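Both of the next two complexes hold subunit A, though its partner changes from subunit B to subunit C.
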Partner chain A sequence: MKTHAAVARLESATKTYGTVVALGGVSFELWRGEVLSLLGPNGAGKTTAIRLLLGLTEPSSGSAKLFGLAPRSRAARVRTGVMLQAGGVPATLRVAEHVELFSSYYENPMPVADTLAAAGLTGLEMRHFGELSGGQKQRVLFALAICGRPDLLFLDEPTVGLDPESRRAIWKQVRLLKAGGTSVLLTTHYLEEAEALSDRVLVIDGGSVLTEGTPAHIKEQAQSATLEDAFIKLTQREESF
Partner chain B sequence: MSNMKLYWNETRFEFLKMLRMPVYSVSTVAYPLAFYIMFGLVLPTSRIKGAGMEQYLLGTYGAFAVISATVLSLGAGIAVERGLGWLAVKQASPMPPSAYLVAKTLVALLFSLIVLVILFGVGWFFGGVEMPLMNWLSAGGLLLLGSLPFTLLGIAIGMLAGPNSAGGIVNLIHLPLAFFSGLWLPIVMMPEKLQLFAHYLPYYHLGQIGLMGVGAHAQGTLSGHFGALTAFAVLFTGIILWAQRRNSERMYG
Partner chain C sequence: MLQRRAVSVAILFGVFAFILFSTHYKLISLPFFWDEAGQFISQAHDLYQGGALIPKSAMPNSHPPGLPLLLAGLWKVFGYSIPLTRSLMLLFGAAFLTMSFLLAVELLKGARGVPAFAVAALMLANPLVYTQSMMAQLDLPSALFTTILLLAYLMKLELVAVVAAMLSVAFKETSIAIPIVLGVFAWRDGRRQFAAQLVLGPVLVVANWVAYVWFSTGRVFGDAAYTEYNIFYPLHPVRLGYALLRRVSYLAVENLHIVPLGVLIWRWKQVGFDARWRPVAAACVAHVLLVSVTGGAVLERYLLPVLPVLYAAFAAGMSTLAGRWRHGVLALSCAGLLAMLFVNPPWPYALENNLAMVDLVEAQRNAAGFVESSLSRSRITTTWPLTDALRKPYLGYVDEPIAAVRAVEDLSIERLKALEWERGDVLVLYARAWDPDYGLARWPWVRGLLRRFFRFPDEAGLRDVADLSMLKPLVGFEQRGFWVEILIVP
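And then the complex of A and B:
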C-alpha cells in the first residue's frame, strides 16, 4: 500500500491566523524518490504548507506528518534536510565550520569535504560566510540541507539569485539525490526549474490546491506549451473590471 | 555519548562566532570597564567614606559586567538571527533545543569570566581594592552563578525584539535597570522609595550577591537573593515559551 510509504503528508491541513485563512484544507503526499514542486503565487499558502511540514507551526486542523511521525520529532528531523530563504546567518563562521556544525546534528553525515564538493564550495572552505557572494551563500545553505544524507529534502527557492551555471549544478545534485532515493519538496518561482526537475507539480492558490499532476498533464490540462503558461492560466484571478 | 560532539560543536562555534565579532567581544569588555573607571575610579567616591568602598564598587560593577556580557550580546544577536530567518533553519534542523540553550549559556559564562578577570585586575591595580584571595574567588564564583538567569533574559529579549530595533531596545532595558538597581551608584545613595522599588528588579539581586561576594555591606540574605533570581528565571522562561509560541503563529504567505 502506497499509504504507508508516504514520506511527507498533509491531511486536510488548515491554518488560520485570526480571521485570515492561509491554508484551507490542503492534502497531499510525497512519495519516496519523488520530486514534488509546490507552485503558487506569493501569498498562496506555499510557505505555510512548508512550515507545517517542518513543525515550525501547528495546523489549526488536520495533520502534518513526516515518515508517519510528528514533524517536530528528532526521529523525523534526522532524516530531513532543509533549505530555507534565510538571512542573519552567522557571518563570522567559516564555510567549513557551518557545514561541520550541521553535520554533527545528523547520525550519519557525509564527510564535510564531500558535502562541500557537492555544493560547489570546494576552495571556499576557509571563507567567512559574510564574505561570500549571494550565490555562494545560497550554496552554503544548500550544503547544510544535504550534509546529513537526508531521505527528505525541502528546497525553498533553492536557486534564487544563482547564475545559470550554478543553477544547473544544483539541479544536477537534486537529480543525483533523487536517484539515490531521496524525496524532494521544491518550491520555486522558476517554472522552468519545476518543469526540469519535478515528477509531479501541485499548484496552490488562495490556500487550496488548484490542480496536481505531472508537468505534462498540467500543460495538457491548461492547453499550454510550457508549464509557465499553464501556471499563469491556472492562477489568473478573475478580472473585475 | 554521540550527542557530546553536537553540544561541543554548538558551543565551540557559538564562541568563535562571538569572538570574531569585534563589536561584541571588545564592547563586552570595554563597556563595563569604562563605566567602572568613570564612576568607580575617577569620580571621587568620598561622599561615602569608610572601609570597603573600593570593594563595594567592585561588587556592583562586577554584577554590571556579567549582566552586560550576557544580556547585551544575546538579546541583539538572537533578534537578528530570528528576525531574518536563520533561527527557523536551526529549529527545522535536528539540533536539540537544549544544545542551543547550553551553548548560549556556556559562551555567556565564558565571556563573563573573561570580563570579570579584567575588571578585577583593574580594581586591584588601579582601584586600590585589597581583600583576601577568598573574597576574590567568592565574588567571581557567586557572580558567575548568579549570571545564569540573565541568559534567559537575553534570550527572551531576542525572541521579542525586532532585528533592526533590538540593539536599542536591549540598551533601553539594560541601562535603566542597572542604574535603578544600584549597580553604578551605591543603592544607599538613592531615595528610600527607589531603594524599595529596586527589590523588584533582577539586577538589584545580583548586585547584592556581588556585594556579599566581596564581603562589603549588603542588604538581605544570600539565599534570599538567589531565591529571587530563581523566580526571575522562571518568569523569563515563561516569557520565552510565550514568545516562541507567538513567533510560530506569525503569518507567512
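And then the complex of A and C:
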C-alpha cells in the first residue's frame, strides 16, 4: 500500500489562534485505498486537521497536501469528495437536481441513477431537500460526496442520525469505494463504525496525536476489549476534559 | 491663488492620509467591532445585497443612510472587503484632520506662532480620533462635514456651508444642532436667506428620511426598542446628570485635557477670543447638549464634531505662553492623549475609545476561529456581539457561518444555569466590558448604581466558571485583560 505517494499528507501542521494551539505539529499520511479514522473528543483538533487538508484554512506552520498538491488547486479538488453539513445545501432543490448539479462539477461522474442507488435514495429523487428527514438528508450528503468518483473521500460524521440499516448501507458503500481504490478520511463519534471500517486509527486530543495504529494495535496498547474502551482510556489519561 | 490653496490643502490631506495609513496598517483587516458589526456594516450589507435602505439584519433606526449608501456603492464597484472599508474610513479621517487644521488656522488668525499645528498634533494624538478613523461608523464622516460647515461659515462660503450641513445630517441626524445654531447667528447678522437655507436644508434631509422610515416601518425612529433606548431612556434625571458629567469629564478632564484647559482658563484674558468664536462655540455647546439628552449609550464618539474647536481653544491658550512653556504644555497634553490610547481607565467605558477595542476583537477573532476550526458541529451558546461574529462571515471572524448558534441576552450565571444543556454543547463566555479587579465597578455601591440605573448585567466572570458544573473548560483566550473562555458539556 505504501509504495504509492500519499493521497493526503499533513506534515508538522500547526494551527494556532492567538496563544491557543488547535493543532500542534500533527503529521500523518493517507494512502491509496486506505480508510483512516480520526478519533478524538470535541475540540480535539480533528475538524481542524480536515479543514487544513481541504484548504478551508491555512496552517500556521507546516503543510497540508492532497495528491502532492495544494489542497485548493483545481487538480486536487476534482479528485476529492467531501460530505458537507446539511446547513450548506439549499433546501429548495430536489434530490436528483442536487446530484445532477454536483455531478456536473466533476470530469467523470457516476451516472445519477447509480449515485442515488449507492446512497439508498432511489424513490426520493423528486423530493425537495428541505422536506427530507435527518437521515435522508445525510444520505443525500453522502451521495454528493461520492458522485464524482473521488480518489479521496472526506467523511465527517457520515452516519449521524441514520437508522442502523441505513448506517450499514453506507458502511457497505465505503467498503466498495475502498475496494475500488478510493482513500477515505473518516471522523466519527461511533467507535464501532471506526472499528468496522478503518485500516488505521489516529487518536487526537488537545491538538496532538495520542496514538496511531490499526484498531487491533490500539486495543492492545490500551489493554481493552473494544476500541471504545481503548479510546476512553487514552483520552481520560490525557484529562482532556 | 485659489490653485495654490488647493495644492496646499491636497498636500496637507496627503500628509494626514500617510500618517493615518502608516499608523493603522496593522489594523486594516481588523474584523468589525460592536456597533460596526451590529448596526452600520450589517445595514450597509443589507443595502449592498438586497437594495434595502431599511435594514433587515440590524435594528431599523433613525440614522439617515449616508454611510450605508456610500459603503454599498463602494462594495458594488470594488467588491466587499474589510481593508477597503477601513481604507475609505481612513480617507475620511485624513479629510477630517485636514479640515480641523484649516478651521484652526481660521479661528486662530492673529494668534502667536503656528497654533494650528498644535491642533493637528492634539487631534493626531487623540485615541478616539485614532480608533474612529478606521471604524465604519457615522460620527467621523458627520464630524468631517460639520467641520467643513464651521469653516465655510467663518469664511462666508454660504453654498459650501449649506451643502456641508446637509451632508453632515445625511450621515448622522444629531449633527443638526450645529447648522441650526449657526443659522440663528446668521439671521441675527442679517444674512437671512443664508440662515433659512442653513436651517431648512438639513431639516429637510432629516424630515425626508424620518418620513421614509415612518412610511416603511410604521414608526418614526424605525423600532420601538431603539426609540425607547435612545430617546426616552436618557431622559431619566440620574442618567441625564450622568451623561452631562461624562461629557464634562471627557472634554475637560480625561486624557489630560485638564492641563491645556487649565492653561486656557489661566490665560483667558490674554487669549481675547473675538466675535468669530461665538457662533462656533455656541454650535458646539448645542451639539454637546443634544448628544447628552439623546442616545442611550452616552458614547464619546458623539463628541467628535466639537474636538477641532476645543483643541483650537486649547491651542489659543497655549499660544499665549512663552516658547519653552508652550512646547512643554503641548508635549504633556499629547503625551496624556497618547497614553490613553494604550491605558484603560479603571471604570467601565466605551472600548472603542482606545485600543481596548482591538484587544476585544482579537480575543474574539481567535476564539471564533477556534470554534469554526474545532467545534463547528456543536451548538454554540453565547451572547451578542459574538453571536453575529459567528453567524455573519462578512464581519471578518469566520470563513463560514456557524450552523447552530444559541443566542442568550447576557452571560449571567442565573441565565446560563437555566438553559438546557446537552452533551457536546459549547458555551463561549467572554468579557464584554472593561471590568478589571481594581476597577471602580467592583465597588458594591457603584455596581448597585450601575445595575439600578444603567441595566448593567452581572455577567459571569472567569471565577464563576466553577459554578457552571455541567460545563468543563476546554480552552481560554486572553488579550490585555480581555478574555474568552470556551466550555463544553463532555
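Quick notes on this structure:
Following the convention adopted for this analysis, the second predicted complex is superposed on the first by the 229 of 241 C-alpha atoms of A that agree within 3 Å, B and C clash if a C-alpha of one lies under 4 Å from a C-alpha of the other, contacts with A are read in each partner's own complex, and residues count from 1 in each chain.
Note that in this section a residue touches a chain if its C-beta (ideal position, glycine included) is under 8 Å from a C-beta of that chain, and two chains touch if they have at least 3 such contacts.
What you are looking at is a predicted structure, and each value in this text was computed from that prediction instead of being measured.
Overlaying the two complexes via subunit A brings subunit B and subunit C into a clash. More subunit A residues lie in contact with B than with the other chain of the pair subunit B and subunit C. Of the two partner chains placed by the overlay, only subunit C lies in contact with A:E157; subunit B stays clear of it. By the touch criterion defined above, A:S61 lies against neither subunit B nor subunit C after alignment on the C-alpha atoms of chain A. Contacts of A:T19 after superposition: subunit C is touched, whereas subunit B is not reached. In the superposition on chain A, no contact is made by A:T122 with either subunit B or subunit C. In the superposition on chain A, A:Q221 makes contact with neither subunit B nor subunit C.
Contact with neither subunit B nor subunit C is seen for A:Q236 once the two complexes are overlaid on the shared chain.
Residue contacts after overlaying the shared chain place A:S133 against neither subunit B nor subunit C.
Clashing C-alpha atoms between subunit B and subunit C appear in just one of the listed stretches 117-125, 171-179 or 207-215, and that stretch is 171-179. Contacts of subunit A with subunit B, set against its contacts with subunit C after fitting on chain A, overlap at residues 17, 20, 22, 42-48, 51, 56-57, 85, 87-88. Those residues of subunit A whose C-beta lies close enough to touch subunit B in the complex are 17, 20, 22, 42-48, 51, 54-58, 74, 77-78, 80, 82, 84-90, 92-93, 97, 100-102, 104-107, 128, 141, 144, 148, 154. Partner subunit A is touched in their complex by these residues of subunit C: 362-363, 365-367, 369-370, 373-378, 399-401, 403, 424, 426, 472, 474-479, 486, 488, 490. Interface residues of subunit A, counted against subunit C in their complex, comprise 15, 17-20, 22, 41-48, 51, 56-57, 85, 87-88, 156-157, 241. Taken together, the subunit B residues at the contact with subunit A in this complex read 2, 5-6, 9-10, 13, 16-17, 20-21, 80-89, 91-96, 163, 248-249, 251-253.
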